[in-house]
Amino acid sequence: MGSSINKKELVKKIEQLTEAEAIVTENEMIVSIGPQHSGAGHFRIILKLDGDIIVDAIPDPGFVHRSYEKLAENMTYIHNVPLAEKPNHADPANLVMGYVRTVEELSGIEVPERAQYIRTIVCEINRIMSHLYFFGIFGIFLNHSTMFMWATGDRDLFADLNQMLTGARITQAFFLAGGVYRDVPQEFKEKALKTLDYFERHLDDYEKIFMENPILQERTIGIGVLRPEDAIKLGVVGPVLRGSGIKHDVRKDDPYAAYDKIDFEIPSFKEGDSYSRVMVRFREMQESIKIIRQALKDLPPGPIRNPEGRLVPRWPVKSGEYYSRAEAARGEVGFYLVSDGTEKPYRLKMASPSFRNLPAIPFLLRGATLADLPAIYMSIDYWGPEADR
Amino acid sequence: MSQLQQINPLQNIIEKMISTLGDIIVDKSIPNTKRATIVVKPEGLEKAAQFLKNEGFDVVASVSGVDYIKEKKFAVVYHLLSRTKPELKSVILALKTYIDRDKPEVTTLVHIWESALYHERETHEMYAIVFKGHPNLGPLLLEDWAGPPPLRKDYGVRREEQWEVA
Amino acid sequence: MEGTAFLGKLENLARILTQKVAEVKPVRDILNWGRAYSLWPVHLVTSCCSVTLAAGSGARWDYERFGVLPYGSLRQNDLIIVEGTLSYKMAKRVRYIYDQMPDPKYVIAIGACALAGGIFRDAYNVVHDVSKVVPVDVFVPGCPPRPEALGRAVVLLQNKIRKMKLDGEPFEPLVVT
């Protein structure tokens, strides 16, 4: 560690970040795992180690803070649609869904049925893409390169579906207040069903090779246990909450799009360790395949856009305030909108799922060994740009 | 009477709150069965929060500040969810209070809801609203920031000037 | 004392001789060929364009066939891929990382935010032009660019390296079209 002078400077810096008083005894060592590390994440954790055991962990977010909320006040409502999807490029459609839902419910705009089903299809494709990206990076963290290769390879098939339906692989900006931009093309249904059939068979292989792999099970079962009462107290959302036994999902409790007309289940496990959080995401992918199939079968004819939600940039929204939410792949995202009757929002706040899951990281790391850090940190699926906005 | 109670639990909670704590409530608005806003005085914020926690709202979804520069006030809004009561599972309740813009201070609610910890810290960083009693209000997202609090309305963004010129 | 002066002079002589030999055409070609086809990037993600980088290292668009292998240790890398927006907090660390890598090193900047700020141009916390932080060799526009564009950037960089005549010769930044 060097001389004691270095230690005092570091301690002074850490005192600005830590919640308790920074007491560093003789045996402890301070390790800073920064934004450049072999796992790749936009996040820094400062650890106080006593041998191999983590005594305290201090998170340091903010490396990708790009002032989304300040920019949103200076852009019109329609310019805010591509801005709302930038925090999370892995599943952008669900964030845009939350924003568009808030604007619609504040102004009282109705969405036609065909548009609701198309929105459901795009949201579920994005959810599968995000979970596959999670599995890819999870494989790298646990030194399993085959999982990375399979997951990113399958992810490109769904990016092709996105491109056929919306015109872009990742950044779609496909929703607007009152409907969607384009209609489903003719060849889409056949290609989508072929892709889903192939993916469903491949998921069985995933389960046999990855989920029942003894090394992966050794590294994740029983590690980082989060009890239900702690999960409620910390305010976590998404698969972290469902992996601790609490069945809460915005798609069932506060339904939007076409989710109340489609039959699906919410997976949840009661152990609360890293393995159950990973299995929740795995089962969610299987449920998403069912949802897309049903939506394609029941797609009703009709208009795709409500003429009240116009495409013009200078479109004023009724004044008032409203809070609404949607279910992204990492959890529940909420948008709080204050409008004063002009064409730009007065205040737009995004309560992103990664920021709400942030207190779980130091809570779970206290008392764990250093070698368990990848398994715990990755199972929460913290995405830096989404938390920093 | 019990059928009406089952249909709208949110309305019942708000009426109970008005009857027990009527003197601190300034305003209320209930747009539909799932959303409501209650405005309280800043001195009664803690009592209102304790009452709502006993009714079953146990998670803070977000804490935001709003800058009303024309009326020279800040607003601090807490959005609350319930994870334990099944009849409140689709309800979001907003607890709002107005404070003075020149001396923005309000008591913290961290000892009631632990999930408000990082949210209050970020609101302090963006607006310089002091939450009295918070364990650590240091910078979270910005590093070595020397300017005024960024999200206030008098801190301009260049695009406004460009919009007027063009 | 006398021994060290002699060794110092010997080292200077060896350095001058190496430079002279490296300018001879066959040796120059072999050195360029070795450097171009083994560009190892740093494991760094700076912003949301990292999704493109991950897709590019995946199974469909494979960068390893160009010789691009992400390697863990900084002291053995020679390529740094800066993706997306740089905030002031992250720009400081990118400069540290760039200074820690040994010569010769190259920089590819991907995304519209790295070119001129992108959609976040008016934010208070964002660096507008990445070439003020690190000297950039290839720019790739897009939001986010497709993985094929990143592959094209690597190929352009490789062609440029193979035509270098001197060590450390500066060249103009290229833009992928």
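Per-chain numbering from 1; labels A, B and C assigned in written order.
As a working rule, a residue touches a chain if its C-beta (ideal position, glycine included) is under 8 Å from a C-beta of that chain, and two chains touch if they have at least 3 such contacts.
It should be emphasised that the depicted structure is a prediction, and the values quoted were computed from it without experimental measurement.
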Return the chain label for which the distance between chain Cα mean and whole-protein Cα mean is smallest. A
Determine which of the two chain pairs, A-B or B-C, is joined by the larger number of C-beta pairs in contact. A-B
So what's the Cα centroid distance for chain A and chain C, whole Å? 31
Please tell me the distance, in whole Å, between the geometric centres of chain A and chain B computed from their C-alpha atoms. 24
Measuring from the mean C-alpha position of chain B to the mean C-alpha position of chain C, what distance in angstrom results? 47
Can you list the residues of chain B that touch 2 or more other chains? 142-143, 150, 157, 159
In chain A, the residues touching two or more other chains are 62, 65, 67, 70-71, 74
Junction residues of chain C, two or more chains touched: 89, 122-125
The chain C residues in contact with chain B across the complex are 88-89, 122-125
For a test of understanding, state which residues of chain A touch chain B in their complex under the given definition. 16-19, 61-62, 65, 67, 69-71, 73-75, 232-235, 246, 248, 253-254, 321-323, 325, 332, 334, 336, 338, 346-347, 349, 351, 355-356, 358-359, 388
For a test of understanding, state which residues of chain B touch chain C in their complex under the given definition. 142-143, 147, 150, 155, 157-159
Contact set on chain C toward chain A in their complex: 42-52, 54-55, 57-60, 72, 74, 85, 87, 89-90, 93, 97, 119-120, 122-126, 143-144, 146
Can you list the residues on chain B that touch chain A in the complex? 31, 34-35, 37, 58-62, 64, 66-67, 77, 79, 83-84, 89-90, 92, 94, 113-115, 117-119, 126, 135-136, 138-143, 150-151, 157, 159-160, 163
